[in-house]
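Dropping the structures in below, format is structure tokens.
Presented sequentially are two complexes of chain A, the first with chain B as partner and the second with chain C.
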Partner chain A sequence: MSLKRLLIVSILAIFCTQFAFASNPEEGGKEFNVGQHLMHHVLDSYDWELTEYKTGEDSAGNPIYGHLAIHLPRILYSSEHGLEFYSSTDAMRASGKYEVDSHGHAHIGHAGSESDHDHGPAVYDFSLTKTVVQMILISLLMLWIFGSMAKRYKKDPNRAPKGAQSLFEPIVIFVKDDIVAPNLKERTDGFLPYMLTLFFFIWFSNVFGLMPFNSNIMGNITVTTALALLTFILTNVNGTKDYWKHVFAMPGVPGWLWPLITVLEILGLFIKPFALTLRLFANIVGGHFMILSLVALIFILGQNGQLAWAGIAASPIAILFPAILMLLEFLVAGLQAYIFTLLTAVFIGMALESHDHEHAH
Partner chain B sequence: MELIKIEFGLFFWTVVVFLIFFFILKKYAWGPILQGIKTREETIKGRLDEAEKARDEMSKLQAKNEELLQKARKERDELLKQANKMKDQIITEARAKAGEEATKVLEKAKQEIEADKKAALAEIKVTSGALAVEIAEKILRKQFADRNQQQALADQLISELNNN
Partner chain C sequence: MMLLEIGGIIGGLGAAVGAGLAAIGAGVGIGRIGASGVESIARQPEAINDLRGNMILMAALIEGPVFLAEVICLLALFL
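Moving on, here comes the complex of A and B:
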């Protein structure tokens, strides 16, 4: 009961923000900038854009576009203004306290430069961006699916699986028996909840990221970095004496080589999560870029409507190829979740290992 | 490059959201689910073991039954054999006894017949003696009405006696 209430309250809290039909006129008539559009699609944003629509024409007859978007709340902390909440970026801009650059980032006393090097006072931006909201929604979905599944197990674990249970139970068992158990052995039970959360979180995020309107969560390097950092912490916190011995005093290696090996090993400690970060991020964002680029072929060849026949001619390819790629991406969605979870299990398993040093390394 | 920039806020929220939901899921979802799966696995294993055990017991029971049956059959054969033997014996005995009895009865009957015959013969002797005496008396009375004849017979008889 309380779980259901929690779900409802959380969803309401997220959508308390206005659903706005903002009409921020963009400069119309410019060349269609594919790169900019792709970036805009792939990057995180401070509002959940649903679509663009034509609001009118400027004096030269070029279309003006408005955005249909859900405005997401801004939460900012700076030493000058303290902790502040705004219902939307527009509201934040209207307050006059912050400068807003083209990405929607807030700055203080720093006239909207495009530069990434911010010279003004630090503004810590805790805004609920599209990615954050999507992550919360996906977590709630997981909570709903697995929470209701759990109820069935509580009622009678011996009953045959039904519905979502029969879909996810084999996957849960797969994660348990094929990803976690071979690496963590007798410690499996302790790490299993984390691994399951990780696996399903990445998988669901990837799958939802492929659907229209959704954010590509794992195609955001910040998210993958955060997850890899958690893996890094879990790995090193659980490191046994043996594990650290391998880092600082590799057995079977002459003492004078230890400094060199230790440098490499310490580098290795960081390279492992770094590789995790990049692998997941690059795979997902790469897939999105591929699909988007192929779709953009219509607009590139059609030269923004000036060469319509070329755009039409390109469209079969621009539809068929992304459709095939989409299937591939669905595979990648699960595969990357599998790899990330597997490698996390492998790293933790390596850290947990304590073995005799008779064998060579 | 906006694409590979680490956003502080997003990083913070990712960790917070992920960890919060991890703890909620652990308590409300993974715990019961994994427990349930474990319970089911154990139940299935237990049931299989039970079935195995039952099968073993069954086969053991069957073997025992077979053995019992075999034993029963053997016993029956034994009994039949014995019964047959007994029957034969009884028949033989009965026959022997019957023969004996019959012989006895026959013997007795013979004896009785013999006794009766003897009695009858004795009676016949007595009766025939009396009759003979009577007849002889009558004959004699008639023959020996005259004295001469009496004398002649007497003489004859005496001579016969002398001859003997």
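Moving on, here comes the complex of A and C:
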């Protein structure tokens, strides 16, 4: 019970930080910059932006836009100030201890300098960013859904599935029988929990990333890197003697070729997770870019409100195409989860294989 | 200043051409998978489940280098 209360309190603590109404005067008067808007949409940030709205006009009659955003807490550690908590980036800026650059990163002393080499004293930033908060929320949702399902199975394993169970049981069976079991064979049961977590985490994240006001976690290369790193560790930790023999002394290959083959094999060890990282990241970011660029057509053709009729004329295309692309992206969301899990299973399966017979590759 | 502008235009052009070339590569690769996949299914309709899984896996493997190219094009465009 107390654990539940702690969870509720911590979620509230994240969201009881203030809604901020801030206007950003430097954006007024500029043309609509598609690249900037697209990048802003897919990048991580220190506040959870909900929408933009017009706050007024500058002297030339150009609109000025403000952001409606939930400010997320900042947690910083530096040897100068120790461990510190702030409710928002603005509060951190107001404390005067840190200087904040245009990305919202905190520095001590050197915010203004353009030089990349001199950042001043190190500031370790453990802030909850948009991606982190979304990840926590999705994990809690998964814990809730699958936890309650598991409890029901434990209570009465022979009862027919009901509600969410009916939706997820076939998918769990699919992951077990079609992804994990053909590759991991007798080790299936040991790896199944991780594989299921991986599959559902990627799938949930991708689907939630398609919904409004959500952050696309898998469109953040650090997240996919972390997932691929787990695959890398699992593959190599579980590698059998035969697996390492194939890396360092490929059987069936003449000895004088071993140095060359070994270099290639060791490169291959790193290329596999690297390709995993990029595939997931680029698929999700590419999908978001496609949809956003089509929606951005309205604003490009309408020239920021100066040619309103052109924007209105473009909107049927700019609404219909993204609607169809959304369906495609919904398919891709599941497909990428499938591929990531499948490849992880294939790589681990390759590392677990032991060959009883000599053979040449 | 002029040179800088021309450089920017060439950079954008290069990114666009690179993205197109990568798409051609992916198209050829995935097209070949589709062609031989459908052919195999026609020859052996009972193996459709295995073939489908392998087709998706191969398409995913082809996508890897293509997306690498596309990300590099994006970097050339935005950075």
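Just so we're on the same page, the second predicted complex is superposed on the first by the 331 of 361 C-alpha atoms of A that agree within 3 Å, B and C clash if a C-alpha of one lies under 4 Å from a C-alpha of the other, contacts with A are read in each partner's own complex, and residues count from 1 in each chain.
The criterion applied here is as follows: contacts are C-beta pairs under 8 Å (C-beta built on N, C-alpha and C of every residue); 3 or more make two chains touch, one makes a residue touch a chain.
In this text, all values refer to a predicted model and were calculated from it rather than measured experimentally.
**Q** When the two structures are laid over each other on chain A, do chain B and chain C clash or fit?
**A** Here chain B and chain C can both sit on chain A without a clash.
**Q** Which partner chains sit in contact with A:180 here, chain B, chain C, both or neither? Use first/second/both/neither.
**A** neither
**Q** Which partner, once the models are overlaid, touches more of chain A's residues, chain C or chain B?
**A** B
**Q** Using the superposed model, determine the angle chain B, chain A, chain C defined by their C-alpha centres, to the nearest 10 degrees.
**A** About 90 degrees, rounded to the nearest 10.
**Q** Considering only the touch criterion stated at the top, classify A:35 as touching first (chain B), second (chain C), both, or neither.
**A** Once the two structures are laid over each other on A, A:35 reaches chain C alone.
**Q** Let me test your reading of the model: by the given contact rule, A:202 touches which partner, first (chain B), second (chain C), both or neither?
**A** In the superposition, A:202 contacts neither chain B nor chain C.
**Q** Look at A:338 in the shared chain and tell me whether it touches chain B only, chain C only, both, or neither; answer first, second, both or neither.
**A** Only chain C is touched by A:338; chain B is not.
**Q** So in the superposed three-chain picture, is A:220 touching just chain B, just chain C, both, or none of them (first/second/both/neither)?
**A** First partner only, chain B.
**Q** For A:275 in the superposed arrangement: first (chain B), second (chain C), both or neither?
**A** In the superposed model, A:275 contacts chain C only, not chain B.
**Q** Give, as a whole number of angstrom, the minimum Cα separation of chain B and chain C in the superposed three-chain arrangement.
**A** Between chain B and chain C, the minimum C-alpha distance equals 5 Å.
**Q** Counting contacts the way the document defines them, which residues of chain A are shared by the two interfaces, the one with chain B and the one with chain C?
**A** 39
**Q** Along chain C, where are the residues that touch chain A in the complex?
**A** Going through chain C, the ones touching chain A are 53, 56-57, 60-61, 63-65, 67-68, 70-71, 77-78.
**Q** Any idea which chain A residues touch chain C in the complex?
**A** Interface residues on chain A, with respect to chain C: 35, 39, 178, 275, 278-279, 281-283, 286, 335, 338-339, 342-343, 346.
**Q** In the complex of these two chains, what residues of chain B are touching chain A?
**A** The touching residues are 1-15, 17-22, 24-26, 28-37, 39-40, 43.
**Q** Please give the residue numbers of chain A that touch chain B in the complex, ascending.
**A** Chain A residues touching chain B: 3, 39, 42-44, 75, 103, 116, 124-129, 131-132, 135-136, 139, 142-143, 146-147, 149-154, 157-158, 169, 172-173, 176, 189, 192-194, 196-197, 201, 220-223, 225-227, 229-230, 285.
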